[in-house]
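Same chain, two partners: chain A is paired with chain B first, then with chain C.
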Partner chain A sequence: MGAIDITAPAAANQRQAPLSMSRPLLVLEGIEKGFGGAQVLHGIDLTINDGEFLTVLGASGSGKTTVLRLIGGFTEPSAGRILFEGADIVSVPAYRRPVNTVFQDYALFPHLTVAGNVAYGLEARGTARDVLRPKVAEALERVALKGFDARYPSQLSGGQRQRVALARALVLEPRLILLDEPLGALDAALRRQMQVFLKQLQREIRTTFLLVTHDQEEAIVMSDRICVLDAGRIAQIGTPHELYYRPASEYIARFFGDNNLIEGRLGPSAAAVRFVETAAGRLMVSTKDQSDVAEAPTGTPVKIALRPEAIQVAPGSEFENHLSGTIRDVTFAGAISQIVIQPSGETARPLTIKLASRAAGLGLSRGQPISAGWRSADCRILLR
Partner chain B sequence: MQTVKHRWKDRLQRVLITTLVWTPPIGLIVLPLAGFLAYSFFALDNGEIVHRFTFGNYIRFFSDAVFVPQFLRTCLLAAGVGVITLLAAYPVALLLWSLEGRAKHLMLVLFVIPLLMSYILKIFSIRAILGGRGYLNTLLMAAGVITEPTPFLLFNLTAVFLTLSIILFPFTLLPLFVTLERIPKALIQASSDLGGAGWLTFRRVVLPLSWPGGVIGASFTFVLALGDFVTPQMVGGPTGLTFGRIVYSQFGLAYNWPFGSALAVILMAAVLAVLALAARIGRSQGGPP
Partner chain C sequence: MTFPWPVAWALRAFAGLVLVILYGPLAVAVVLSFFDQTGTSVDWSSFGLQWYAKLFANRGIGEALVNTFIVGAGTVVTSVVLGTVFALYFQYGGSPWRGLHRAIIVTPFLLPPIVTGLSLLIFFREVGVPRSLLTVVIGHTLLVLALVYRTILQRLQSLSPQLIEASYDLGATRAYTFRRVLLPHLASAAVAAGVLAFALSFDETLITLLVTGSDNTLPLRLWAMVRTGFTPDMNALITLILAATAALSVAVISLVRPQP
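Up next is the complex of A and B:
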């Protein structure tokens, strides 16, 4: 494969609010789905807004692909409604839905050329040849495959096939494009390139993208919003920022950001904070936006989610939480160094800290005593 | 020293395996065929085979007014059988393909079970259907289409055509079905997703991708029909003469092995030509070589 420029300018990485964010395009309402006795989806309520990049994230078996297949029209819900701009499309067959899918493994037609594949949907609509040709050419140019018209899928690399599949959907100018683990078969470097490319493309053509993936990094990089599925239920919906900084449950906290999870019991509360009694001592946690935590009874078992990069070594007095311990391990990983410390409390679990390697290079070594601290606002109480 | 020994052992082993693999096909297929090829260049003198090289048998085939038209008529018959089984196999294969699980396997077995039955049994069953007092005549009379049994159903070329089509049907069906099964379901979904309703998906995706399997199946059937002499013998009667019967008669009745061999060689050349053509069609589909 030639060196094709699919890297986006730096601007593509800046997060900006999508256009007309508030207008719902597709709404899933109380969707239930079972396959021969096994319940795959439980009461899914999900709104996809016009112009946004929404990712359905989940482990395998979470039901994420089923959500996509329901919207594409390849399977029917056992109960619930699928509203497209207010109209129920459950009984509309796939070939008449205003959505197009980029399939996992691409599902390119092996007997048609690249141009034939891209033209397929237009031909199915009876588009005239003289209209069709420039559209196909434009779609191929958009995915940086200009000049590949006459090739067959078997003559393309994985990344190129992926872009043909994308062009095949794009050329129909659908309101919603469904992407089923589109980057799963690509190697890591190409995957990162494609993440940026897809995100940039989505902004350019202002089309709603629904991506299904199991890769949280991919979800964070590309999405405006992420819907996390856990065993057929929605665990949390929010922006990548929200999921990262305000996880709603232990499941989300584990999924995003390698959070430290500190077990404890709720103690007394004060203005916008709550104390938690842990093996490492009494810790202070902010309860901002968490009225349920503020009101929960004292003694309730909880976990504190604490992101590794929020912990400061040798902290100053502005950090409400302090603890001392010994360094168990130091791992250098390029720009970031990871330090595992053992707090001095008898039953306290080790904590992982991530520091910029520049800051960590202060001669930290195994067995050395250390003090660490973090702000009450940088950690979060999880009731479930 | 040791490596040299090893290499020697390896080579011996390779020679041994190669010999074992190639002996049966060469001994059982290539040599007998070569024998027939050699015989086709011999002559017959007073019922004795004369081992003297001659093109006489081939000259006789092309100069005699009987053989070439008969050969072409048999080719046409076999091609007709191939085409009609292909046309019949498509709906059946599509039906099988659309079924799921147990129903699919049951139906497949039903269609393929004739392959397990004795040839003679199948032919007599068909004679019971096509015969003067057979089911078909009885049915047609009961329906008032005809007043007395029609003789056109049995002991002529039509009967040969019908019988071969029925008996050889599974040979066309199976390769076609297997090819359909190999089409990824995602392609069908992709077509549907891109706006292709049922008929378009069939025409633009299913047909082009399954066509090679159908062609291969139909050419199997063609080849089997071309050389067959049992069916024409059993249901063909005096007018249902085919090339296979003529070849058979040269060996079994006239005891003219050289001429029979020449006819068999010509038959085989036709078969190889058709198989080569089918392979080409099969390869031309599904993108570049």
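Up next is the complex of A and C:
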């Protein structure tokens, strides 16, 4: 599409105006949901901003699909409000909500062709045939399914069905598109391709996407923000960067990539840092943006989250934390190598280090003594 | 697993023999319907459709054929409509009695037809319903509804609830969803059930015999012909009923078979 598209309808032009990322589109307020005695969601407060790509991430049973079904209008909250641009839509039936869903198993109508499926929503709204045709064609073109109009869903591959489901939602120009594990049924290569495609599409059409997934890598790659659900509660909301580098809890630290978790007790504070007494000695950790950690009483049991890639071998003096030990294991994994070291403290747990293989290859081998270090700013104290 | 050749041959011979003994007589009637016969000797030079011509020259047969189609059509419409409504009631009615309802509908198919027929006969007489083709349709519906209902219910239960949700999600109301998603999903099952209903109604004899008035259907006509002595045109009638039943069965099988 060119920079200026005079054929586009006025509404579409309006949507291409710069969006302020902070304008809330949909707000969940104190949402509770129980299914016959079992409480699935506890006091969910979540704001989805206009134009953003937000992912609700959680293990199975975390309640993430229920969040999506509440917004889609397929189930009602036991308590709380769902505000769409300020208006409560809890009592609005699914067929009158300005959101559309891409279902997990696509839920294409098997008795309708690809074009029939995509046209369905417009037909249900009573759109005239001559208005409908070009819209359907445009939606199919957008998902690279031009020429597939007359096929039936049973004649398509998984990836193609997925794109029909997407086109079926896009054609209605909803304000919010809900995607329920849309890539779950695809193989790994196709999934990566679709991740990029979805992200690009979302940028192009500037529509708010709410994705539900259990795949943390998918969430990191695609999202502007991620909301992690743990057993029906929000564990943390933030950008992928924040969740990765500033986990709010041990759960998040374990959920996103690898982390060394070093147990210890809080020691004295200093300017913007806090000392932690551990089996591997006294460690210095930054308390930036963590007033709760800075103020927690001395002796509180905590864990330190430390990324394997943040640890340096044979560190210089700019690293506040140093320890020495022996190499227990070296694993070559292509571009990076993983080294497990046993710190010299008696009860200290082993630490995992990830190094670029070029560096690791400089004669590191099992049983060899090693010194390692990291910056106070590269680790983080977890109170829970 | 493969059998040693003597066992394999014995199995084939046995299967062939049973086929001939059990199903051969049907073939005999079909073959003989095309030839003249004097006593038990067949005139093989007389191949032709003369008995079919004679059969249709007999006004009773034409009328019986028309009656059979009227009853069949009535039974198909009644049982498919009721079967669909009852299947919807079972699936979406939310009634605690639905299980009992289903059991009652299925029962007449398992009952001996003579019991069903006699019960209906007694009921019609007590209530004072004149026996006619209408009472025959009622009797046939009672019999075939079990199968029609089960076929349609099964299809209804195979409908993914996600399709209904997808329809709502795309802005369709309940009524629109019913028309565009639910009914098309049931359509081929309803057609298959209808053909099955017609096939069953077409050759139903016992209940028909008990609840009909003065109207004859094809099987009843055949029954009446047997009682007055054998004539060669009966072979023609048997062949026609056989052919119709076979055609309908093939139709049912191809319709019920799941789509790829």
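Just so we're on the same page, the second predicted complex is superposed on the first by the 365 of 384 C-alpha atoms of A that agree within 3 Å, B and C clash if a C-alpha of one lies under 4 Å from a C-alpha of the other, contacts with A are read in each partner's own complex, and residues count from 1 in each chain.
Just so it is clear, a contact is a pair of C-beta atoms (placed from the backbone, for glycine too) under 8 Å apart; a residue touches a chain by one contact, two chains touch by 3 or more.
Fair warning: this is a prediction, and the values are worked out from it, not measured in the lab.
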- Combined model on chain A: chain C and chain B, fit or clash: clash
- Message: Just checking: does A:153 make contact with chain B only, chain C only, both, or neither of them? Give me first, second, both or neither.
- Response: first
- Touching A:100 in the superposition: chain B (first), chain C (second), both, neither? both
- A:125 contacts which: chain B (first), chain C (second), both, neither? both
- Shared chain A surface residues [contacts with chain B and with chain C]: 72-74, 93-96, 99-101, 103, 105, 107-109, 111, 120-121, 123-125, 154, 168-169, 172
- Task: Under the touch definition given earlier, write down the residues of chain A that touch chain B in their complex.
- Result: 72-74, 93-96, 99-101, 103-105, 107-111, 120-121, 123-125, 152-155, 168-169, 172
- chain A contacts chain C in the complex at 72-74, 93-96, 99-101, 103, 105, 107-109, 111, 120-121, 123-125, 154, 168-169, 172
- Task: Spell out the residues on chain C that touch chain A in their complex, using ranges where they run on.
- Result: 160, 162-163, 165-173, 176, 180-181, 184-185, 259-260
- Residues of chain B that touch chain A when the two form their complex: 184, 186-187, 189-197, 200, 204-205, 208-209, 285-288
